[in-house]
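What follows is chain A paired twice: with chain B in the first complex and chain C in the second.
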Partner chain A sequence: MRVLVCLKQILDPDVPARDFEIDPAAKAAKRGGANLVTNIFCENAIETALQFREAAGDVKVTALCYGESSAEDCLRKAMAMTVDEACLVEREGNTNPDAAAVGQVLAAAISRLEQDGGPFDAVLVGRESGDWGTGQTGGVLAEELGRPALGFVESLSPGNGGITLRRQTDVGIEVAEAEPPFVVTITNNEDNVPRIPKTRDVMMSYRKPLQKVSLADLGLDGDEIRNGFSSFEVEEIFVPTDEVDCELAEGDTLDERVDQLARKIHEVVASIG
Partner chain B sequence: MDPTQATREVFWNIQYTWLVYVLMVPTLAVFGWGFWLKIRRWRAGQPAVRFDRLGERFQLFLRNAVGQGRTIKSRYAGLFHSLVYTGFIVLFLATTVVAIHHDTPLHIMKGHFYLIFQSLIVDIFGLFVLVGAALAAVRRWVSKPAKLVYTDEASWILVSIFVMALTGFIVEGWRIAVTDDVWAAWSPVGNLFARASDPLMSDAAMQTGHVVIWWFHLLVAFGFIAWVPFSKMSHVFTAPLNIFTANLDGYGGSLKAIDFETAERFGINHLGDFTWKDLLDFDACTECGRCTDVCPANTVGKSLSPRDIILDLQALMHERGDSVLANGNGNGSGNGDAALLPIIDQKTAVSPEALFSCTTCAACMEACPVHIEQLPKIVDARRYLVMEEAEFPEGMMDMMNSLESRQHPFAGTQFSRVDWTEGLDIDVMADMDDPAEAEVLMWVGCGGALVERNRNTVRATAKLLKKAGVKFAILGREESCSGDPARRVGNEFLFEMLAKGNVETLDRYGVRKVVTSCPHCFNSFRNEYPQFGGSYEVYHHTQFLDQLVGSGKLPANGPGAQAGNGETITFHDPCYLGRHNGEYDAPRNLLAQVGGARQVEMHRSRNTSFCCGGGGGMAFVDEPPDQRVNQERAQEAVDTGADVVAVGCPFCATMLDDGVNARRGERDVKVKDVAELLWDAVGETEETGEAAS
Partner chain C sequence: MANVAVCVLGSFGYDRAAQGAVGAGRALAASVGGEVHVLVIGPADEEAVAAMAAVADRVVLGANQELRDVQPEQALQAAEQLHAAGSGDYVAVLLSNDTYSQEIAPRLAHRLGGSSMADAAAIRMDGDHLLAQRTAYGGKAISIYRLKKSPAVVWLRARGFEPAPEQPSSGDVTPVDLNLDPPRIRIVGREVAAQEGVRLEDAPVIVSGGRGLGGPEPFQELKKLADTIGAEQGASRAACDAGWVPPNWQVGQTGKKVAPELYIAIAISGASQHLLGMGDSKVVAAINTDADAPIFKHCSFGIVEDYKAVVPLLTEKLAALSG
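After this line comes the complex of A and B, so read on.
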């Protein structure tokens, strides 16, 4: 069996608030002193795939990323976590393609990988990214591939003929039997915390081959991807500011202060209307 | 009675004396064979350079082997050990004198030498052995401290020593009584036995008894000698050798780098991967238990026991080591499976749980009378677990993840590396036209910049440096973790990456002098970065500030000169400043500058200081509520009655803050860094426009 995990490299979401800045012209976050990391749900997806491989046996796990050359780090880390092979679709320039474009690119790359190495039984995508958080890539990718999709999956295990999926819902855990091929989005739970790679695997990850392809290699028009597929446009982007206006209720006694406070609440409520 | 003719007959009353020489042959053969086995085992270990710097080694040998420097630090045990130790040496010399007198033409056992040394002094030291053994017996069978290991072997050793000394006096006494020895007064203890026996026994009975006891004494002594290499009495030889071959570089430099390109395994989980010195360590242990007695993790009830780690490894080496070491030739190249005998075992003292509760405080190594190196072995086993098995506590995992992706261990911090400089106008190397203008790099450290309660410490340090006119700069966002927590938990790979990165950054700016307020960074820079090509003049902030005060650049009589307010201060020695690097005085000198304050010492201070619980990556691990090292230490600080617990380390500060808050009761006890207290005392400065807080 073959399992594919899609990864996204994002700006470290744990960057201290004061270090986070927006570039209003580019309508994007500034890199600043922040580091680039693998989106956490994507790491959960890697861990889920590896655990499935450990349970099912003969499974080959492939990692795929559409990103800048720096995203090679994410794929190396995935290989250190013992993903079998990795492929980077090189993104040129500092663009923020939307889910429609990303889905298009990933689908093309998956087709290419499947031509070379056979079909993927399961494609795993993180639930959402820690930067834009639109949560659409999984669905769009499934549509592009023409495969069924399930969201909020927390584990895969070998089932009767198919693959058993556990997914989180508002009312509890839903267990589904799925027949490959399919696409799932992975959410986190206490069992798919990404593993720390063994040092020897970290060292080996730099010796494993990493396939790199360009949009042109996939038969895609780079300009079209960058410009043509956007289903929406970012109007403005800013860091919300908390404005706190603090006023202390005055008065000599507690009763007076409570009165004062009640009166103030009335005023505020009345002003909001 | 001519004292120049005084002597006694060797082998008085003894026939078949040739039997002594016959018995000596198997005795010495077994003795030699036993040590040959040991030496063969050690030689199968990996190489280690421990016969260099002979001058220093000889000094250490004189101080701590011959001089028993560390043994006597424990009063009671030190006393009885000294009695037995000196007694045995003198009795051995006396036996040698007898041998020379009897078996060579040099008849030296006569005259004043016979009376003063061979009779009086030998009697006194023989009594030492008797008394020493009795005191040891009281400890082993009456007071029974928990740190001891209660084995039959230890009991038999004690009984044998006592019996040898006692029978020696009995035969001497009966000889004196039967021969009416005119020099009896020179052998006071033997004479006492003679006087006591005289009214009770006939001469004939004493003469017969003398023969029996004499042979019994000889058999016990010869049996004891043959037994030495197979019991913990082998420490008579292994301990001095272990002290002679001890690590001379201090605890701070005791961890070795790994060559990741060539290493077959990372860390140690196999007997065959230890060096010969490690294997010698196992054989040198005297089971005294002082290491476990001072271990912070053990004190609060955790399973870590440095003594049991050494003894379990010793047992493994004795029971199964010969085939491993001999066949495997120590490097796994020979009889592969045997050489891979694992040492980490859930069922022994070398369990992952125990290994991961070590704070790397080095109290065990400081307490060990024979210089066994427990800490590097614990870290080597951690290295195996972390790098080969990826097995470690959750808190350490978060810390390492953060180090990997953010180069600092404090995941979720709300501060950047430069936030603390607000309003202080501090130069950042990258923004300077000529970074060489900065004479000193102030290495802030993650614990100083990113943890809220420590930002005051680094602010105070920076303000003090400014006031003293020191030209310094920081690296700002270019600073990253020194790697200390990674190295202590066993992630040598991560440590090496961080260390190399920092050396590269510092070399790019031509940094020569580094001042840091974190003893962990201090230790890494000072003792560990030279392994990666980084050699700097490194100071802990207390050392540097102490120099500034000493040279008059920091006047201590500022507006806050009486900032002490009559308060009592107790200083908590950080392990990585004190034990690991030997600095105890600088912080205390600075506290003496805080006018109006009084210093008190905790019971465990200076080189016997008790860890705050934060070292070795433990600051990132959630300890069980009833096993918190920081609370144990905080209680000790609170019990001194001090108003202020002074610290010199950001980890100690946070650990003791938590601990003191849990243990201070109704009393107001503050935890403050020495730099903060000094700034209060030095007072406001025009340069920064900031008043003392």
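After this line comes the complex of A and C, so read on.
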């Protein structure tokens, strides 16, 4: 079987709020001193794919990324986590967050990879990214490929003739039986925390194949991707300043201060009725 | 015509989220002089259908029995067919923020040749385009997107919108027989997490605990406080990731988006991803040892003190006040 994991490189989302700035011209965050990292849900997706390989055996895991040349680091790290092979579709300086365009590119790359190496039984995408976070790519990609999809999946395991999926909903866990090929978006749980690559695997990762392709190689036109396929654009982005004045409990003793707090809480609760 | 469609899942009934989504639809339709059509995916009880008809111009009901327990692939197909059975030329298709709606939205947009957006906290029309406001960069920024293709298919932070007012006369209810393919991904089992009381998203008062509690035991102390004021319990990502409380307690960007009348944050510093989940709370109170914690910039009142000293005393005083 073949499993594909799609990765996105983003600005480190853990950069503190005080160091976060918007570039008004680009309508995006300034890079500043922030590192570029693999989106966390994409790393959860890698881990989920590797655990599926360990459970099912005879599974080849491929990582795919649409990004600038710096995104090669994400793919190398994926291979150090023991992903078998990787492909980078080189982006031409486009920071547009539009999932409709990204979905087109990923679908074209998947078609190419499938021509060369056979169909992917499962395509895994992170549920959302830590930058724009619109959480649309998985759904768009499923439609581009004409495959069924399920969101918020936390594990894949060999099932009755297909693949068994476990996923999180707002009321609990759902278990699904899926006929390949399909697309899933991956969320995190305590079992798919990304593994730390071993030193030996980091060295081995440089011997694994990393294919680089351009949009032209996929028969796509960069301008058309930016303009024609795009379904939304950023009109405005700003750092909110809706900070409120917090009224801190005052008083000489703890008892007085807690009493103030209790009265305020009681007032709100009583008003609800 | 510039009509607006609102997709709701029949099995969920006309809950607070559906009320908010229809309310958002009514406001949007009013701004462009159009109608609001509610597209109901799956069977709903009569009372819920009547409640929807009371606030909508039209209800299109896809009550196929196979949709009673939601199968996501079939729900998507149903939404597409209900869209066609309605007026079919909606400027916007709005959805709520349950798991199914979240996964339907981008795929439905693709099938309808439209644009999609997620987790919108505010929407308005600007000419032919819908503008959707939401957070970006894990809550550090607010972004406004222009959706360039019609229809704009948007799932909303539904509980943040006012419910729709009742109309002078109820809308027509049109049943539609849907033609659904067997799903290629089929939900075969559901393990509903044990949940006492109401859903966190619908709770009027929430008491949440965070990393600063240091372990699972203090949540027992917080439970006493919660019980005293009739609150549900929530937690930050750090507390859930540490396994102190179940994952479905998590409030935040990747957890629940709550909108209570009162949110009490205890030993929670207020990371932007947490603020994103509780940002729609009407009143926020904070208990934290660190006066510089970001939570104090996002709360109405609070106390800079160790929760260990505050919570038992606070519980005692609140019991006396309400007694």
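Remarks
The criterion applied here is as follows: the second predicted complex is superposed on the first by the 239 of 273 C-alpha atoms of A that agree within 3 Å, B and C clash if a C-alpha of one lies under 4 Å from a C-alpha of the other, contacts with A are read in each partner's own complex, and residues count from 1 in each chain.
The definition used in the following text is that a residue touches a chain if its C-beta (ideal position, glycine included) is under 8 Å from a C-beta of that chain, and two chains touch if they have at least 3 such contacts.
Just so we're clear, the structure is a prediction, and the values are computed from it rather than from any experiment.
In the superposition on chain A, A:P197 contacts chain B only, with no contact to chain C.
Once the two complexes are laid over each other on the shared chain, residue contacts for A:D170 go to chain C alone; chain B is not touched. Look at A:A17: by the touch rule set out above, it reaches both chain B and chain C. Legend: residue contacts after superposition of the two complexes on their common chain; A:T134 is shown touching chain C, with no touch to chain B.
For chain A, the partner with contacts to more residues, out of chain B and chain C, is C. Of the two partner chains placed by the overlay, only chain C lies in contact with A:V268; chain B stays clear of it.
Of the two partner chains, chain C is the only one touched by A:D255; chain B is not.
Contacts of A:D116 after superposition on the shared chain: neither chain B nor chain C is touched.
Touch criterion not met for A:D223: it reaches neither chain B nor chain C.
Across the superposed pair, chain B and chain C both touch chain A at residues 17. On the side of chain A, the complex with chain C involves touching residues 11, 13, 17, 20, 22, 29, 99-100, 103, 127-128, 130-136, 138-140, 142-144, 148-152, 165, 168-179, 182, 185, 187-190, 230-240, 243-244, 246-249, 254-255, 257-266, 268-272. Interface residues of chain C facing chain A in the complex, by the touch rule stated above, are 72-73, 98-100, 102-103, 105-107, 109-111, 114-119, 131, 134-138, 140-149, 183-193, 195, 199, 201, 204-205, 229-230, 241, 243, 247-248, 253-254, 256, 261-262, 264, 272-273, 283, 285-287, 291, 294, 296-305, 309-310, 313-314, 317-318, 321-322. Looking at the complex, you find that chain A touches chain B at residues 12, 14, 16-19, 33, 35, 37, 195-200, 202-203. Remark: chain B residues 260, 266, 386-390, 392, 397, 400-402, 405-407, 411-417, 419, 477, 491-493 touch chain A in the complex.
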